[in-house]
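The next part holds the structures, each set out as structure tokens.
In the two assemblies presented below, chain A is common to both, partnered first by chain B and then by chain C.
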Partner chain A sequence: MHFKARVGEKLADRILQENLAKAKPKFVDSRAKVMLELDDIEATREAAKQIRNRSLENLDLWLETFESKATEAGAQVHYARDSQEICKLVVDIARRHGVRKITKSKSMVTEEAGLNRALEAAGIQPVETDLGEYILQINDNEPPSHIIAPVFHKSKEEISDLFARTHNTPRKTDINELTREAREQLRPHFLSSDMGISGGNFIIAETGSVAIVTNEGNGRLCTTLPKVHVVITGIEKAIATLDDLSTLLRLLPRSATGQAITNYVSVLTGTKRPDEFDGPEHLYFILVDNGRADLIGSEFQDMLRCIRCGACMNHCPVYQTIGGHAYGWVYPGPMGSVLTPLYQGLENALDLPHAATLCNQCGVVCPVKIPLPELLRKLREKQVERGLRPLSERIALRAWAWVARRPALYALGTKIGVRYLKWLASGKDRIKVLGVAPAWTQGRDFPAPQGETFRELYARGQRDCAR
Partner chain B sequence: MHGGNVTARDDILGRLRSKLGRNAQNAATARQAMGEVLERHPGGPRPSQPADRLAYFRQRSEALSTTIDEVAAFADAPAAVAAYLKRHGLPLAGGVAPGLSDLPWAEAGLRFEARGGRPDDLVGITGCFCAIAETGTLMLCSGHDTPAALSLLPETHIALVRLSRIVAAMEDAWQLARDELGRLPRAVNFVSGPSRTGDIEQTIVLGAHGPYRVHLVVIREA
Partner chain C sequence: MRVGLFVTCLVDMMRPRIGFSTLELLESAGCEVVVPATQTCCGQPAWNSGDAPATRALALKLLAEFEACDYVVVPSGSCGGMIRSHYGELFARDSEESRRLDALSARTYELCDFLVNVARIDALPNADFRGTLTYHDSCSGLRELGVKAQPRVLLGKVGGAALLEMNGCEECCGFGGTFSVKYGDVSAAIAERKCRNIQSSGADAVVLGDLGCILNIEGKLRRMGDEKTRVLHIAEVLAGKADA
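Let's turn to the complex of A and B:
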């Protein structure tokens, strides 16, 4: 479905609109409050930005360092260029170890790859264990609508119905009880799975470790109980040291959920040691490109600093109005509007760079200071450069440019334009149907021009001064 | 060791190198700078803290729904644990980390076996490598003496924390690990309160997949 059609559908969806309105203030308010605990928010953001830049500027070498440290600790490091390679690697590893069931902790990269479908096709059962991801999986593999709160778009009533239907249990409406029910459904899966898959918030070159940030404890279970653990994460997630991790952790949970720290931060290094009771005997890393490497050295490199906190979407007026699904791919909101065209092809996401008011709320809250509006603007430029804009828009812009270079003609044009708009408004301050572009006023009114034009005001000002 | 996947690796690293304009000379310069970063591991800005570290640790922990008790010495811990369990109507049995097996658990009327975590455990008792005041966090290092599942599978996790092991920030915890352990254990788990989820309507609920309760016994003995 086309972006605009999806948006129309989402705007008309009353339940979604109610759910979005309810969810929004929680993230925004709690973030604002907990950020104040940092003595110097700006200095911390700047430090985080420098940490991420330092990795990206020598990403090849940091990856090599990580690789040698991780291998030393007993892990195996693989690389995947695209979704197909990710799926093939995981299926191969699963087959090698005779794996039938996999418990998964949340990983957006596996969403990029459509990994669950590939596993099912190979006869391996993937079980999503993050509460939100689990809800989506049992709801016929619905895609997430938010990168850290996958069921942001759902009300508890919808989840109550889904649980009663799927688990064959009496319908519960208390969120505590719903959570306990999910816990009881999932515990047996944790205990019987042969392999755990997790994402990785960061991979640390100093020690060859992966850092995983969770609240529920499912990430710990997936990486402690099964005999095989596979980490799937992007190549850009490399950082240098444990101290860098400490700095980033002051910002990631705060920006994401308004917590000073998540319940659990696991830093995992290598395989089960001889004297340990638990831990995986095999640890694999799959470091994913999927379009990332090509951003290095490009004008979009800043985007790779992203630590996937979701603050940009939580603060985006467009996201808050249309929800995550309208964006059409894995990543929604401002960061998705930049990433989707870059990873999926400019021509496959023409509307996304325009699905923003460029109000810069996202740029202000981003913990690693990614200039999101600027990147969106650059993407718009790219579309023009590559001739991807519609013919009518190109002709209109040409015409405008031609007129704009002829001041007398331009003045005349605006004069006529303003008269026309005033005539359309017929004395009111809003225009209900914009004559030449009626589509524009389908969902909103156009403000009618008031008083004099800028040129008239300016000319009068000049005259007054002269006197 | 890259399995059958040499081409993907070489392709990805190769593209990174060419995009970064890598050559032998700038690689050498970069490696030297990286070596310094790894050696010095510079930290970022840290929030300031009140001077009374225990009071701050307590405040930060309680804000996360962790409960805290204080005793004078390790030998007093079992009685304090027994009192806590009775107060909450919790079972007086479960697993205790082998590192703490020599404390007088039985004398306090408790039946805790020194072992790893089991799926049917309702209570797990562990020590901790250190604790962090800034966020009210425990640092658990996996190993024979502190099995990872023992703080994870039971509904109640009780941890003994020595007062002298409460450090200010995570950076200090890493430094302790560098100084005392040499290499990192397989799993370092930072635990900050009972497990929770906010996935349904962004409403926080305690006890997602991990413990519902985290109780700390701070030991003042040096």
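Let's turn to the complex of A and C:
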């Protein structure tokens, strides 16, 4: 389905619209409040930006350091070039260890890879254990609509129906009861799982560790109970030190959920040691490229600083209006509108860089100061350079720019233009239907012009304000 | 001081009154105002559409028209932001064009910013508005140029006017230039949220500094059946032309 058609559908989705309206106090207001706890918000953001820049400028070095430290601690480090390689590596690891069931903690990179489908095709059962992701999985593998709140688009009533239908239990409407039911469903899976898969918010070079930031206990159960743990995350998530981690952790939960700290912050290093009671016997890291390496050294490198907090979408007027599914791929909102064309191909996401007002609300809340509007604009430039814009738009833009450089012609054009608009308004202060821009007047009136241009009036010597 | 008035293409076409109000404000602040007759557009539509060559041509045109001025004043945060924040990106860093555009950018001000921080005006002799106002912070002025306190300082000098802040005054109105017609349905839906906040403030008029947002907000309010909330450019209010 085309982006515009999806948008139309989402604007008419009553449940989605209600949820979007309710989300603002939760995400926007709570973030604003908890950020004030920092001594110096701007200095902390700048420090986080510098940390991420240092990571990216020497990414090869940090990845090599990470690999050697992680290996020392008993892990195996693999690199996956694309989605196919991710799936193949996971299936191979699972087969090597005779795995039949995998419990998964939340991971957006596995969404990029379509991993669950690949596992099912290989006869391995993946079980999503993040509550939101679990709900989506039992609802016929529905995609998430937000990177940290995957069921953002669903109502409690829909989830009540889904649970009753799927679990064959009496319909519950109390959130605590629904959560308890999900726990009861998931507990046996945790206990019978042969392998756990998690994402990684950061991988830390100096210790070879992975840091996982979660609010549900599922992350710890997935990473410590099964005998095999596979971490799947992007190569860009490498940071140098635990010190860097502590700075980033001041901003990640605050930006994401408006929490000073999440319920769980796990820093996991290596396999289970002889004197330890729990932890995996086998630990694998799959570090994913999937388009990331191409951004290093490019004019889009800033985007790789992203720490996946979701603040940009929470504050985006467009996301707040259409929700996540309209964006069409794994990542929605401003960060998604930058990443999707870069990872999926410019020509496969022509609308996304344009579906933004460039208001820069995303840029000012981004904890790592990614200039998102500037990157969106650069993507627009790439589209123009590659001739990907519609012919009508190219002609209109060229014609306008050509005339705007010729003042006499421009004066004539605007003189005629404003008279035409004034005539369209037929004596009223507004135009109800604007033939040259019907998309404007479908949802709004177009205020009528005064009727003569400023430059005409000024040239006639007028110094006061005409009506 | 010699101030070049860049009226902007939208004001030129849609509401010349805003241009004349600006002119009057600058003159009463003691500026010698010049209005280059050949001015057209700052190039922002081309820049935001990804057409860098067209933007460069229009930027050089504007440079030629305004380079002789001590200051350039723009009754728009959006066009002001284009000149001030983006002209420097158009040419190679160490080029002659870049040096000259940087120098021009540094002398370019959004109207309210100029009146408060450069002209340092004390009083607004012609300002007169009886009623309540709410101020919408347009995105580029606010986030590119730091225009936040300046309009409020100025509105505080308007006799008879009382400012009532709305919820979400810093939220985008949904205009976004070509976005408003490329994705008209999304744009109108964002505008509706903005208009509801304006209405909830209870103010008689919403005042702002960008004509793009004015067209969007006024168009949406009227379509929503709101005939009474007035939508005014801050220059009109400050120059006492709101009743024109």
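Throughout what follows, the second predicted complex is superposed on the first by the 440 of 467 C-alpha atoms of A that agree within 3 Å, B and C clash if a C-alpha of one lies under 4 Å from a C-alpha of the other, contacts with A are read in each partner's own complex, and residues count from 1 in each chain.
Just so it is clear, a residue touches a chain if its C-beta (ideal position, glycine included) is under 8 Å from a C-beta of that chain, and two chains touch if they have at least 3 such contacts.
Everything numeric in this text was worked out from a predicted model, so none of it was measured.
> Regarding the shared-chain residue A:D40, is it in contact with chain B (first), chain C (second), both, or neither?
first
> Pick one for A:V384: touches chain B only (first), chain C only (second), both, or neither.
second
> Give one of first, second, both or neither to describe whether A:A149 is in contact with chain B, with chain C, with both, or with none.
A:A149 sits against chain B, while chain C stays out of touch.
> Should A:P317 be classified as contacting the first partner (chain B), the second (chain C), both, or neither?
In the superposition, A:P317 contacts chain C only.
> A:R444 contacts which: chain B (first), chain C (second), both, neither?
So A:R444 only meets chain C here.
> For the complex, give me every residue of chain B touching chain A.
On the chain B side, the touching residues are 1-3, 5, 8-9, 11-13, 15-17, 19-22, 27, 30-31, 34, 37-38, 41-48, 60, 64, 115-117, 119, 134-135, 137, 142-144, 147-149, 152, 169-171, 174, 183-203, 205, 207-211.
> Could you list, by residue number, the parts of chain A that touch chain C in their complex?
Of all residues in chain A, those touching chain C are 4, 7-8, 11, 317-318, 320-322, 354-361, 363-364, 377, 379-385, 389, 393, 397-398, 400-401, 404-405, 407, 410, 414, 417-418, 430, 437-447, 449-450, 452-455, 457-459, 462-467.
> Show which residues of chain A lie in contact with chain B when the two form their complex.
Checking each residue of chain A against chain B gives 19, 22-23, 26-27, 37-40, 43-44, 47-48, 51, 54, 57-65, 71, 73, 76-81, 85, 89, 129-132, 135, 149-152, 154-156, 159, 175-176, 178-180, 183, 186-187, 190-191, 205-207, 209, 215-218, 220-221, 223-225, 235, 240-247, 249-250, 257, 260-273, 275-279, 287, 289, 293-294, 296-298.
> Of all residues in chain C, which touch chain A in the complex?
Residue list for chain C touching chain A: 7, 9, 11-17, 19-21, 23-24, 35, 37-41, 43, 45-52, 54, 57-58, 61, 139-140, 143-144, 170-172, 174-193, 214-216, 218-220, 222-223, 236, 239, 241, 244.
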